[in-house]
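In what comes next, chain A is part of two complexes: it sits with chain B in the first one and with chain C in the second one.
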Partner chain A sequence: MTAILAAYPTLFRIALATMIQYRVSGLIWMIGSVLEPVIFLVVWSVAARSAGGSVGGMDPHDFAAYYMLVLVVNHLTFSWITEIFQYRIQYGMLSFQLLRPLHPIHQDVADNVAYKLVNLIVIAPALAVCWFLFEPRFPVAWSLPYAVLALPMGFAARFLLDWSVALVAFWTTRVMAVNRIYYAILWFTSGRMAPIALLPGVLRPLAHALPFYYALAFPVELALGRLTPAEVWRGFAMQVLWVGVGALIITTVWRAALRRFTAVGT
Partner chain B sequence: MAWLRLFAVFTRIGALNELAYRVNFAVQALESVVAASTVLGAVAVVFSQTDRLGDWQVWELVALIGVYFLVLGMINLVLAPSMAKFMEDVQQGTLDFTLTKPEDAQVLVSVSQVQVWKVIDILVGVGLLAVAIHRLGDTLGVLEASAFVVTLLAGAAIVYSLWIMLATLTFWFIRIENILMVFWNVYIAGRWPVTIYPGWLRLLLTVVVPIAFAVTVPAEAISGRLSALTLLSSVGLAVVMLIVSRWFWRFGLKRYSGASA
Partner chain C sequence: MSEAAIVVARLSKTYVVPVRGGGLAAALKSLVRRKTRTVEAVREVDFTVAAGEVVGFLGPNGAGKTTTLKMLSGLLYPTSGEARVLGYTPHRRDKAYLRQMTLVMGQRNQLIWDIPVMDSLERNRAIYRMPRETFQRTLAELRELLDIGELLDKPVRNLSLGERMKCELAVALLHRPRVLFLDEPTIGLDVTMQRRIRTFIAEYNRRTGATVLLTSHYMADVEALCRRVIVIHHGRLLFDGELTELVKRFSPHKLIAVELAQDGVDLARYGDVIATDGGRITLRIPKADTARVTSRILSELAVIDLTVEDPPIEEAIAQVFEQAAT
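Coming up: the complex of A and B.
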């Protein structure tokens, strides 16, 4: 364990050097990260005005506050691992990583944390512009300190589950369809497409059962004080549960996956 | 109409290649269905809370999403793969083989790769349009239908010109394929009518990445809210951008020095 932690400063240095090399690609990625929450901020604000001022008890200023926080929390909790894992196997990059005396997941953690922290430089002005354009209403929330705790837990849950889904690439090279379905479910049930209180029919109980709400909109709603104490405790319990499930899947499936893996590449 | 003949030839080659991998058809069909359900699901969620979005009703939005998939399919069928191949050719110097062929080089690089299975997105788009038009009732007269076809073609020409200009930048910058990611990152905004966005964003989506003309304007034509001014500016912009992109392509091509340089 201490040996793993001792490797992290070096892993961060590698992550930063790579990011500086590919800084323009990183910036282009950020366009999508910023634009999507802004689109839904606008869509829901227009919907609220069309429905006579508010929908589900939220008016345009509430949606502005909600989606500005979704922008931040989604940036801090997303990962790109499902998109690239297939290429690691196809082009043999994984062979090199397996030669190291360190689980490849640690470089991914370092890459993600470094990317998130550095790109807060982009997030900050985007939020400032949103503040000016959309006039969000941020209430004084009793549960705000809990959001700070829920955020790293949300990242851990989403990262471990993303990594679990990425492991599918060991069994098939057509992971794109799997990823699309995974993202579609995440998109509807995480609070990105809509605050989950606004979801119709079975989608709302589904969102409460799946991990994505707890990884994304749960910290947001904590920061906005929209939850009761009972819901707060339930949320934290679900976060712990899903972090455990993710860790369990990775530790067990990883061994089976490596037994299947035949090195490709140079 | 040399490009139509070449497009037919390359489509046949693309089809012959892909018919060897028939499972890809099922995979692509699954992906298209998931993508379409996601976008339609978002509309359903929004309309579970309100019965109109700005001045758009639900079936008008379905028509817009139909156009969105139609344009998406057209880009992915031929434009995106051909431009990717073209940029790779410039990097590696293999554009020589294209330039020595006795056809117009811009036409050749524009249609050289055809991913036939992407036609499913086009079919999904047409299907959604058909359902939406049926549900909207008898508002679609000959006038609206022809306005739709004209604005869709103009939108396609605008998107094509933008892509060929972005790709032409590769003559100067070599590794520029990421610039096309800007287009994809912004294209998701086209799932909603640009008229609902605030002014600065609408301007961005009209002028910088012109998805307003590619998606929203044809959808406006179907719901019969297209103004003559919008129709004229769409056609005008298409003509101007085709001419400018043609000139820019020739200008860029002069920079190309080939594999042996």
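Coming up: the complex of A and C.
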């Protein structure tokens, strides 16, 4: 374990150099990531105004605060691993990774963190513009410090699950179809499309059972003080549970995936 | 013979591949009944490579060379039989094993594309946990041997194919592996660069005593590096022995080069004239006729010089492949 950690500073430094090299494509990706929550913010603000000022107890200023935080939290907890795993197998990159004495996931963690750090530079001005345009209302929340703890946990849960789903690429070349389903579920139940409280009946308990809410809207709602102490503890328990599930899936499925890979090759 | 670095016993690999004809009917049929075919990529191959040996691994495309190298490096597990390298079972990919071996594929590389070569080297330093001092020393040595000093600060994408291969070798050998699997390391390179890579491999082997198993379609590589060759075809081992023995055994011809006192003599009656270079004429004759034809030429013509040679190794190899195909 210490050996693995010792490799991180170098992996991270090189990942950072790579991300800086890819700054323009990073910027284009980031524009997409910024636009999505801004669009939902506008949509929900319009809905609130036309419903007489608020929807589900949230007015346009509340939506502004919610979606600005969604923007930040989503940036910090997302990963792109499901999109690229297939190519990694196809183009033989995985073969090289398997022949090095380090699990490939560590390189991904380093790359992911580097990307996020570099592109915070885009997030900061985007938030400033939103602040000016939408006048968010940030309450002084008792649970704000817990949000800081929930964030890395949410990242861990989502990253491990993304990585597990990416392993589908070992069994099928039609990864895109699987990704579509995965992202559709994520989109509805994470709080990205709407705050969970505004979801129709059946979707709400589903969102609370699945991992995506805990990786995205949970830290946001902690920062906004919208949860009861009981909900906070339940949320942390669910985060721990999903990190565990993710780690378990990765270790078992990875072993099976490698058995398959070393049976058929590329 | 010193201890064996690589031991391969009745090693086999079969792939199951789906088969389907073209067209809609075949596509629909495959929905109901999926047909598969078993491909025997490697069939009961046996060989042993001693520590420090450089062995050429030859065979036409699809012979099973890469499959064997992948089994030895740990990327594929055998369907049956056994492979042991440095005492390890490769497909378990023990970290201790991975630290001592490397696989270089001429067609692919592990360099990070858009940033300087040095970063790829640094990454491997971290992954293989090399102390800074060892890293510096090995790097200095590789830099000198491969002449890559001025390449290290360039982004990989700006390098030529040959430069990239040199850097790839530096990255792959940074951790000083004891076993090298080189799959077509000179493919696509010009003659000078091929020679350069060849010299490097020979020098690396001499300095470190590493074991090298190399595939190449360029016989010059094999001739320069390997005294011993292993030939496989259709997954089966056809030949394992000295390169000169391969030529002797498989080439049905000998070449006689003659220099004559007078010009304009027609030598076609002695054998196939395959080259005329000034006064020097080269004939190709069946091996069995060598003694008879030589004495005839010597007694019937005014000969200044006469040599009998083995044909180029390419011919022997082509012969091996042809024999195997029929």
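Methods note: the second predicted complex is superposed on the first by the 261 of 266 C-alpha atoms of A that agree within 3 Å, B and C clash if a C-alpha of one lies under 4 Å from a C-alpha of the other, contacts with A are read in each partner's own complex, and residues count from 1 in each chain.
In this section, contacts are C-beta pairs under 8 Å (C-beta built on N, C-alpha and C of every residue); 3 or more make two chains touch, one makes a residue touch a chain.
Quantities reported herein were computed from a predicted structural model and do not represent experimental measurements.
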Which of chain B and chain C A:F96 touches, first, second, both or neither: second
Partner chain(s) touched by A:A177 [first = chain B, second = chain C, both, neither]: first
First (chain B), second (chain C), both or neither touched by A:S25: first
Touched partner set for A:T252, first chain B, second chain C, both or neither: neither
Comparing the two partners chain B and chain C, which touches a greater set of residues in chain A: B
Contacts of A:E36 with chain B and chain C, given as first, second, both or neither: first
Touched partner set for A:A3, first chain B, second chain C, both or neither: second
Complex contacts: residues of chain B adjacent to chain A: 23, 27, 30-31, 34-35, 37-38, 41-42, 44-46, 48-54, 178-179, 181-182, 184-186, 188-189, 191-192, 196-198, 200-201
Complex contact set, residues of chain A against chain B: 24-25, 28-29, 31-32, 35-36, 38-39, 42-44, 46-48, 50-51, 55-56, 133, 174, 176-177, 180-181, 184, 187-188, 193-194, 198-200, 203
For the chain A and chain C complex, residues of the former touching the latter: 3, 6-7, 9-11, 13-14, 17-18, 21-22, 91-93, 95-96, 98-102, 259, 261-265
Parts of chain C lying in touch with chain A, wherever the complex brings them together: 15, 67, 70, 73-77, 91, 93, 95, 98-99, 101-103, 105, 108, 110, 112, 114-115, 119, 122-129, 155
